[in-house]
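Next come two complexes, and both contain chain A; in the first it sits with chain B, in the second with chain C.
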Partner chain A sequence: MHFEALPTKRLPAQFTANNEFKLLDLILSNDIIDAEDEGGKGSLVQKIKTAALNERSAPELLEYKEELVDQIKQSLRSQKQRINGPFTEFQFEEKLFTSFQQMEIDRISYLLRSYLRSRIVKIEKHHSKFVSDETYHQRLSPSEQKFAQSYTDLIKSHYRESFLQSLPDRVNSGEEDAMTARINLDEYVICRVLERIGQIELDDQTDEFAELNENDVVLIRYRPIQHLLVEGKVELL
Partner chain B sequence: MQSLSTLSKIDDLKFFCGDEKITIQPKFQLKEAIFIGGTYGPFNSIEQCDVPFWLALELKRKQKCHIIVPEWLQADNLEKSYTTELAKKVGDPYEVLPYHYIEMATQLLEYASDDIPNVVKVRRLLEDLWTASITAGTSMIELNNLTGMELHNIRPIITQALTQFQTLSDSMLSQ
Partner chain C sequence: MSNSKVIALLQELSNSSTLPPYDEETVRETGQEINNTHSEIIQLFAETPAKERKRLGSSVVVRHHTIARNKRCILAYLKNRIDVIKQLRWELDNSIPEDVMQNFGSKEGEFLVKYDEILTQYIDDVGVDLCKDLQGPPQVLYIQARVLEDCQLPGDDQEEGRLLKKGTEHFLKRSDVEGLIRAGVLQHVI
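The block that comes next holds the complex of A and B.
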């Protein structure tokens, strides 16, 4: 019945959220951006939304957007300070808007969490890849690297203790890569073209080309648009 | 696995449409309100102003504003969209409606039905339009102007089918 049903379901209610923000505050760096001089704030919300959607739909793990995550955390922090600050005038409307501002904070931190959570799902799915493959390892944030390492260690020891030790050596090769899901870059994704790209090669064997124009929404294999996604010329839906 | 991450769920679509802008007629006075997503206002009973959809809904629930019905949700425009949708043949471009029109319309009907003129007609037209759009051909790869809810509907079947097809043709090539 409540419009905010989804974010409040995942994000705890206001009270618990406050506790979490205290935790967040601890983690945050000490710079406090003065909210008045931030021009591109609206686009900040748009950016984390795009990042969350891209991460959710892409078959591989994308580069960690450290700067964006830091900026979001800082905005959340300074906004929280504003609404907790002293009121000059105790207008009813101002109090009402404080609850709306808190609601916006909940919305944005839901987006942030959704971004981080979809990364965790991928790390768990392809864990050993992130430990062994340098390119993928570089895409993780430091805490994600730690997580990937300890997750892999746990899975490894769990497999060993539960069945690998009782297998004969010749089937027990010890290759973790073979035991985790393969990353399939040939998965199809739905993407929206943000700027005119022109012709791109779809398949090097059949020489198929596609013309991508601004605002086109296409269902396409991930591999040919992989570099376009990194350059920010397309977004996934 | 799917339930955790890969698919946009309907609740998420409802959540995402909250960032669309919508015009309201406030019933209170406030100079400005500073949000992370931007600064909105001034709010007074003379001027209309643009706010994000989620904020408009919350204000409406508190009886603090009237929502100005967007053009595409007005009965005659919906009627036009519906006739175009019916006359459409396979291969024709999809009807241009806002990406999140279903999500926004259902929430507006639920919380702000007193602001919508001809609400019964609007509700009926929306249902007709939705039925027409999901029964239209989906065998095309071009997905221009598909709305969020429509993409959600076809995504599992179409992406999985094509992914499977690719895997099959790959194994044919390698043999």
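The block that comes next holds the complex of A and C.
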């Protein structure tokens, strides 16, 4: 917790053990974002955290978690409204509680931003792939699709107008794609195994296997665990 | 052959911590050179009777590679500059200093404007300001900040628009003033 944020001057002199209990109750009973856990498979916060980490570490772009993003945005909005609302009594507990909540909001917003940013970084890095390849195109949200399209157009016209248009016709095309990084599915990632999986095949040519047990943390090629990540049996770190 | 020039161009870019001035001259010269090399190939073909074209092999291949290499170098130059420009847009939003802007090529200025457009469009669509918290997760809610230039306090609460005078120090909400600190208008006092 971040006590720098507290208005220490307002600390009442009679701040006793009783008050402390009251404060604790207040904090525990108002943890809205965590309380909205319906599926039972971890809270929203945990989900967006996993999503952000997975997206950051995976070499390819993963499926867009539209529902999760909408839920998080919704929760953040209602939480913000609550703490910006008028105070009934301007009491120390409420001020303190608002600080905690504001911090919580800031940190969850960070996770959401980090998630969306990692995606934009990947879209820019491999932009032409997302326009040409249907599988990847479908993983984007509608706004991301728009972004990918305009970005690809922009890059192409920039290369063309800055340089390529001055070249002879036979050599002035086809290079935009060569300038985009390829998606390397054989990159190594660090992943944590969430449930017992047993043996998985690492390489179909050499017949190598690895045993994955619950809570193992392994450094492994992305390709063999690609489907496990989609199924939610492993998470990336 | 001005191959060494192209390499020097790329080296200048990679050795520099800021964005060096756009070298339109070299880009144009390289384009010219590619054109020349290309017409040399055509000329070689035209001068050589069909039966003897086999012996042209290496001289054509070398010229083709020269073209490919020069083209690749210039595109790499353009791409890496674009990457720097994009980063500037992310970090400084719309307050890129004048002296940095002067180093942009004419097309790069246009690129920045259009990139800003599509990024802003995307940010509006998702409704989440992506340019905040670029340094890592937030650690504290309020920070002490010294005002280096007169400015107005941004933010969404009742204090919005309050004038901050140069030389004063304030205890402010970090999320509100993060942009001003990156732009160098405020200084974070640790």
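Methods note: the second predicted complex is superposed on the first by the 187 of 237 C-alpha atoms of A that agree within 3 Å, B and C clash if a C-alpha of one lies under 4 Å from a C-alpha of the other, contacts with A are read in each partner's own complex, and residues count from 1 in each chain.
One rule holds for everything that comes next: a residue touches a chain if its C-beta (ideal position, glycine included) is under 8 Å from a C-beta of that chain, and two chains touch if they have at least 3 such contacts.
All values derive from a computational prediction rather than experimental measurement.
Q: Does the superposition put A:162 against chain B (first), chain C (second), both, or neither?
A: second
Q: Using the touch definition from the top, say if A:117 reaches chain B (first), chain C (second), both or neither.
A: So A:117 meets both chain B and chain C here.
Q: Given the touch rule stated above, what does A:107 touch, chain B (first), chain C (second), both, or neither?
A: both
Q: For A:218, using the defined touch cut-off, is the partner it touches chain B, chain C, both, or neither? Pick first, second, both or neither.
A: Only chain B; A:218 stays clear of chain C.
Q: For A:95, using the defined touch cut-off, is the partner it touches chain B, chain C, both, or neither? Pick first, second, both or neither.
A: neither
Q: Could you tell me if A:79 is touching chain B, chain C, both of them or neither one (first, second, both, neither)?
A: First partner only.
Q: Let me test your reading of the model: by the given contact rule, A:154 touches which partner, first (chain B), second (chain C), both or neither?
A: Once the two structures are laid over each other on A, A:154 reaches chain C alone.
Q: First (chain B), second (chain C), both or neither: which does A:170 touch?
A: A:170 sits against chain C, while chain B stays out of touch.
Q: If we overlay the two complexes on their shared chain A, which of chain B and chain C does A:44 touch? Say first, second, both or neither.
A: A:44: touches chain B, not chain C.
Q: What part of chain A is shared between its chain B contacts and its chain C contacts?
A: 4-5, 103, 107, 110, 114, 117
Q: Considering only the defined contacts, which chain A positions touch chain B in the complex?
A: Within the complex, chain A touches chain B at residues 3-7, 35, 41-42, 44-46, 49, 53, 56-57, 75-76, 79, 82, 91, 93-94, 96-97, 100-101, 103-105, 107-108, 110, 114, 117-118, 121-122, 125, 184, 186-190, 205, 215-219, 221, 237.
Q: Under the stated contact criterion, what part of chain B meets chain A in this complex?
A: The touching residues are 1, 4-6, 8, 11-12, 14-16, 18-19, 28-30, 33-38, 43, 54-55, 57-59, 61-62, 64, 107, 111, 141-146, 148, 151, 155, 158-159, 162-163, 166-167, 170, 173.
Q: Could you please specify the touching residues of chain A with respect to chain C in the complex?
A: Chain A residues touching chain C: 2, 4-5, 69, 73, 84, 99, 102-103, 106-107, 109-114, 116-117, 120, 124, 141, 143-144, 146-147, 150-151, 154-155, 158-159, 161-163, 166-168, 170-171, 175, 178-179.
Q: Quick one: in the complex, what on chain C touches chain A?
A: 27-28, 31-32, 34-35, 38-39, 67-68, 71-72, 74-76, 78-79, 82, 86, 105, 107-108, 110-111, 114-115, 118-119, 121-122, 125-130, 132-133, 137-142, 157, 174-175
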